[in-house]
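Two complexes, one shared chain (chain A), two partners (chain B, chain C).
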Partner chain A sequence: MMTHVMSAVTRIKGRSETSDPTPGTVDEKSLYKKRKRRQGLRDDLTSFWFLLPILAVFVILFAVPLVQTLIYSFTDFNGYSMNMHYVGWVNYQKVFTDSSTLQGLIFTVIYAVLQTIFITVIAIPLAVTLNGKFFGRNFARSMFFFFSVPSMAILGLVWRYIFSPMKTGLVNSFLGLFGIDSLPWLSNSHLAQGCVIFVAVWAQIGWHATLYLAFLQSIPHDLYEQATVDGASKRQQFVHITLPQLVPGIVTSTFLLMNGGLKVYDLPFTLTKGGPGYSTYTVTQSIIQQGIGQSQYGVGSALAVLFTLATAVVVFAQMGVANSISRRFQ
Partner chain B sequence: MSIGKAAKAALAIIASGAMVASMAACGNSDSASGGKVTLTYFSWNNEEASKAYVNEFEKENPDITIDFGSSTSYVQTLQTRLVGNQAPDVFIITSENKADLISNGYVKDLTNESFMKNISDANKEFVSKDNKVYGMSTSSWASGIVYNKDLLKKVGVDSVPTTWDGFLALCKKLKAAGITPYLEANADDTRRIQDAFYGGILAKKGTDLTKLSEAKTQTPGTDEKTAYKAWMKLYDQGLVTRDTVGMTGDDLKTQFTGGQVAMITDGAWDFSTFKESGVNWGFSQIPAMEEGMEQYSQGSPSPAWAISSKISGAKLKAAEKFLTFMQSKWSLKEQSDGGDAVTVKGFNSNVVDQYKNVYEKNVKTGKYFLLTNFYSKPSVLSTATQSETQQLVQGSITLDQFATNVDKKIAEAQ
Partner chain C sequence: MSSPTISIKSETGEKRALSPMQKAKRRRLIVKSVVVLAITLICAIPLWYIVINTFKTTGDMQTNQLGFPKKWTLANYKDAFENIPILRSFVNTLIVTVFGVAFQVLIGAVAAYGMILRKSVFTSAIGAILLVAFVVPGQATLIPLYQMESKAGLVNTLAGLVVMYLGGAVFCYFLIVGYMRSLPFELIEAARIDGAGPFRIFWSIVIPLIRPILTTVVVFQTMGTWNDFMTANIFISSSNLRTIVLQVYNAVGQFSTDWPSFMTITVIALLPVFIFFILCQKWIVSGLVAGSVKG
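After this line comes the complex of A and B, so read on.
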């Protein structure tokens, strides 16, 4: 047994001596470089095989449709005939002159920004509270998390009954108990916008609080102990320890919220169908409606291309700002 | 080549072979085999609703097998199949796709087929272009006013007036008695009254409906303006709450079955709900816009069966047999029993008592109108009118702006 081990060691040693010489002369140096390059290529190839499945999925499900969308955006493709014609920038012009799309864009941006702000502002204190010790803590954590389990489409349908503008609507019935007149929750444009944002915030707070909770639990406890010894108040501890330590979590959470908010479709569609008028209409709804529902693939594709670019700009800008903040706190 | 590599290569060849074989089998799935013809039928209705027809047809035609398919997103799935050269032999043509199916040559001209002889004119008109008929529609639907007899009795009225002025007067009376007179679902179901009024206007003018979709400059908003102006009196006179912009069809049903509103607009598809509710209800024609005008209804022929223009020979014969079967007495009775208001000449549907008046006066006579059936780009029109109607009811736009916006949307989509 020992002999086998020794001979294996010798073999490895011998191989390393011949295959990996210490670079000395010019010839040896170039040989060394060549071998290193070959080794690198072999490693790259191994990585490539591991990456191939996900690369294939990316190309088939993302890159190909993206290129197709770009092509369709310059054509009059109607979804019924492959005999399409090049129409130049006409579809892009239509996007910029269509008032409903522009209204959809405004609400989408308002929705994405407000839900990001509200959820971040509420989820962090909630996570801090859930991180403390109190009776029923696990139940409270589960309860907040479970808000985010049902799909947004189902929540939209449920909240539609709750916010019904009729006297029999749940919220209006409750207000009626105190003699307060019914409010036009979903039939007034501004209230409807508020309802959509409220439900989005309500549904996602728990999930993001759980995310922050995970980050909170990784903060070293001795930081708080030292701060307590130094006489720092709870507020000071929150501002000077908790918040800076949570920056990576804030970056992740806000990135997900902005990205998801800009692509929102299901909640406004089921809660208000984009109405009243176009007050809760979103860009994604416009893309789906014009592209698929109305067989205007050219216009829908142009809108999708522009929206992809706009989303990329917003998300990269957000990442840039978040990274600079992260560096400040490192 | 090492054994491992050889084994992998062999496996790859076998797998590819299996894939090619299965794809080839797919390609042959709708061809004739052993003297039997397989007909692909892609339906708007699900398997449960279509099973009886398919089974009976196969029983009567043992040499034909139906390969049935359906989808909840029917229009999009059919569109994908057509573009991908996977057209079904028989499929459904409906208001959302008829213009595209006809103009792209996907459907066969059925004008002179023997099975079209008894189809009513209004149903033929629905799927016609340039005097050619491309589908066989055997039934129609018409909406109307569902009313609570007991609530109307409280103000001494036992039926819905036949004119719009009479209807507005009744609403005033009900409101004065503390009863919510009327509600409509402007969140998802706009234009019931307006379409009925517009149908009446077009009938008075003697307009050829099949020409509307061919007009170079389409102005559905401007065309319907008079109808909208009359309808808006409901809101201008404060008879109905503007909160209807947030109300859905389901909300209306809940209000009506709870006895909280005297009248709503609805149709035969919800009759079972009203029956079960225990409310003493009736169903009336939509009032005429003006004295001297006919009482039209918002309604439409039901989706029609169409035959693919790509098939021929035994398959075409089988498809024609299938359409002949779908308007046979057995089939029409089955449709009628299932709640459809059949409009085929020589056949009477056994409709519920409340529906009889509207069935006789609107459905069977073709006195119904659905704006989106007669303009190109029905989906664009439907979405645009819904959003603009909501803004009109809210008071955020004027009637002129409504008309301009709807016309602009249609012009952009053309």
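After this line comes the complex of A and C, so read on.
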């Protein structure tokens, strides 16, 4: 296949002098223009056929449902009676007064922020360590990375057994060895919140360390050599070379974590089912619960609209930060 | 992975006294290796915990959680395959993943080709529109999509699930178009002059050239589709249509007290993921890097 392509390249090189028509007379010029326009329209049409499938996906799976969500959010639509009424901002008010939704909102934000902080603070030193020399390096790299490959839902279920409040739960029987009483890991609100965030950090740390590793490996090696010659210590090198060079990586990683954190559903749902009470309830679970479970389309949609705006703010903030950083570093 | 001290030994062929600095260096290396490997193994305890307990009886597990079984048994595996339609779930997941990913990648690749083929107001408008689709979270469209599929009779069917996954085509498009833009456009131009039609150019020139990014995208989307829990949990209710992740989720209710049985189905569910990981680690990493660059 490569030879085919290569011959095509040589052919166009040989042809480039002759194939460019230089129209002479006025008549030829208008004819050339006409032909060019027709060629352009034909190209438009071909490119349209190729774009048609993704346009269909966009219209059916994004545009129409998005508009519907927006409309539902201002109505009392419940899915059963077909006549819906405009109710103004009532659904939005409900979002901010309903205690379960509010708790879901609060926990989602706490979760997103804390997982972002913890993972960033742990993943960078981990990546630096995994980038260095030691025995069993490939094993350690693969092991950390592997945790992020299985479904979060399955990992949540596994940890549910590990955190079991019974004496036979792994964590509690470990505490028992030191004579510490069993703790109700998943049935105390604060402990449950901590457990969800802990498992999230455990599961995603390898993923983000791998991301940082990729950025670390693209740092030019001579920067460190020069610094060593100049007598900079390992810590100075980390602060003055590694960290600034990692800034684009930090921007991407924290963005992925914030964005993913706001959308979280699988892990809290399988680990705690959103409980105890609503202490680990999430926005997504709330949207699903109200919109599909209880047929309160209006409230669910209002929440979905607010949620979309919130994630859009995060996305654009990240884009802005990334742009200003890349400008400063160039 | 060999330390510098070892290479000195092999060069001279005889044991040479190490200088104090080299000794200190070697000691540091060993200490670091031990510490890092210890941390790695502590983090891996959950995996060891679920694997080793599948070979124990319930009673054995309660008294001895992390050790080797007193008596190795495969009864849990036999029970799991007898009581739970695991193979059926694997087939369901495979169907959904194969069709979902194939369509996503095909739609994304074709769209990327259409985009680079011609630059006009029309294509720039589509580019902007797709950026919007890229930013919209799936949760925002979930309620109307559920209604739509319910009207079309697609709820609780594997086809309905595949349709839901097609939204991933937008992500595939962004990864592929970035890569396609880096290709020399002269290749396409040359083929066109040689008389190849747009489809011919796509199949015999563009596709072979973008194979690296296609592999990355396929591996990455396969992982996402295989692991999906949210969509499957919402759209699938019949037990014979469950994907493997749903099957594990339901096993918790079924085996609330029989922990080894739950661990067994989890291990069975994770086994293909593990094999996939071993085979595709390189591409998963490249997908992770490419995907994060695109944001």
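Throughout what follows, the second predicted complex is superposed on the first by the 255 of 330 C-alpha atoms of A that agree within 3 Å, B and C clash if a C-alpha of one lies under 4 Å from a C-alpha of the other, contacts with A are read in each partner's own complex, and residues count from 1 in each chain.
In this section, contacts are C-beta pairs under 8 Å (C-beta built on N, C-alpha and C of every residue); 3 or more make two chains touch, one makes a residue touch a chain.
Since this is a predicted model, take the numbers as computed values, not measurements.
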item: Contacts of A:136 with chain B and chain C, given as first, second, both or neither; value: second
item: First, second, both or neither for A:237, with chain B first and chain C second; value: neither
item: Partner chain(s) touched by A:168 [first = chain B, second = chain C, both, neither]; value: both
item: First (chain B), second (chain C), both or neither touched by A:58; value: second
item: First (chain B), second (chain C), both or neither touched by A:292; value: both
item: Which superposed partner A:149 touches (first chain B, second chain C, both, neither); value: second
item: Partner chain in contact with A:275 - chain B first, chain C second, else both or neither; value: first
item: Contact breadth on chain A, by residue count: chain C or chain B; value: C
item: Which of chain B and chain C A:120 touches, first, second, both or neither; value: neither
item: Overlapping contact positions on chain A, where the chain C interface meets the chain B interface; value: 79, 160, 168, 292
item: Chain C to chain A touching residues, read off their complex; value: 1, 3, 29-30, 32-33, 36-37, 40, 43-47, 49-50, 62, 65-66, 106-108, 110-111, 113-115, 117-118, 120, 122-123, 126, 129-130, 132-133, 135-148, 163-164, 166-167, 169-170, 173, 184, 186-187, 189-191, 193-194, 198, 202, 204-205, 208-209, 223, 226-230, 234, 245, 248-249, 252, 259, 262-263, 266, 269-270, 273-274, 276-277, 281, 284-285, 288-289, 292-293, 295
item: Complex interface listing, chain B residues touching chain A; value: 76, 79, 82-83, 100-101, 104, 106, 187-188, 242-248, 251, 254-255, 258, 260, 377, 379-380, 383, 386-388, 390-391, 394, 396, 405, 409, 412-413
item: Residues of chain A touching chain C in the complex; value: 1, 4-5, 8-9, 11-12, 15, 19, 40, 43-44, 46-51, 53-55, 57-58, 60-62, 64-66, 68-69, 72, 79, 129-130, 132-140, 142-147, 149-155, 157-162, 168, 170, 173, 202, 207, 210-211, 214, 252-253, 255-256, 262-263, 265-266, 269-270, 283-284, 287-288, 291-292, 297, 300-301, 304-305, 307-308, 311-312, 315, 318-319, 322
item: Chain B partner contacts - residues on chain A that touch it in the complex; value: 78-82, 94, 97-100, 160, 164-168, 182, 184-189, 192, 272-278, 281, 289, 292-296
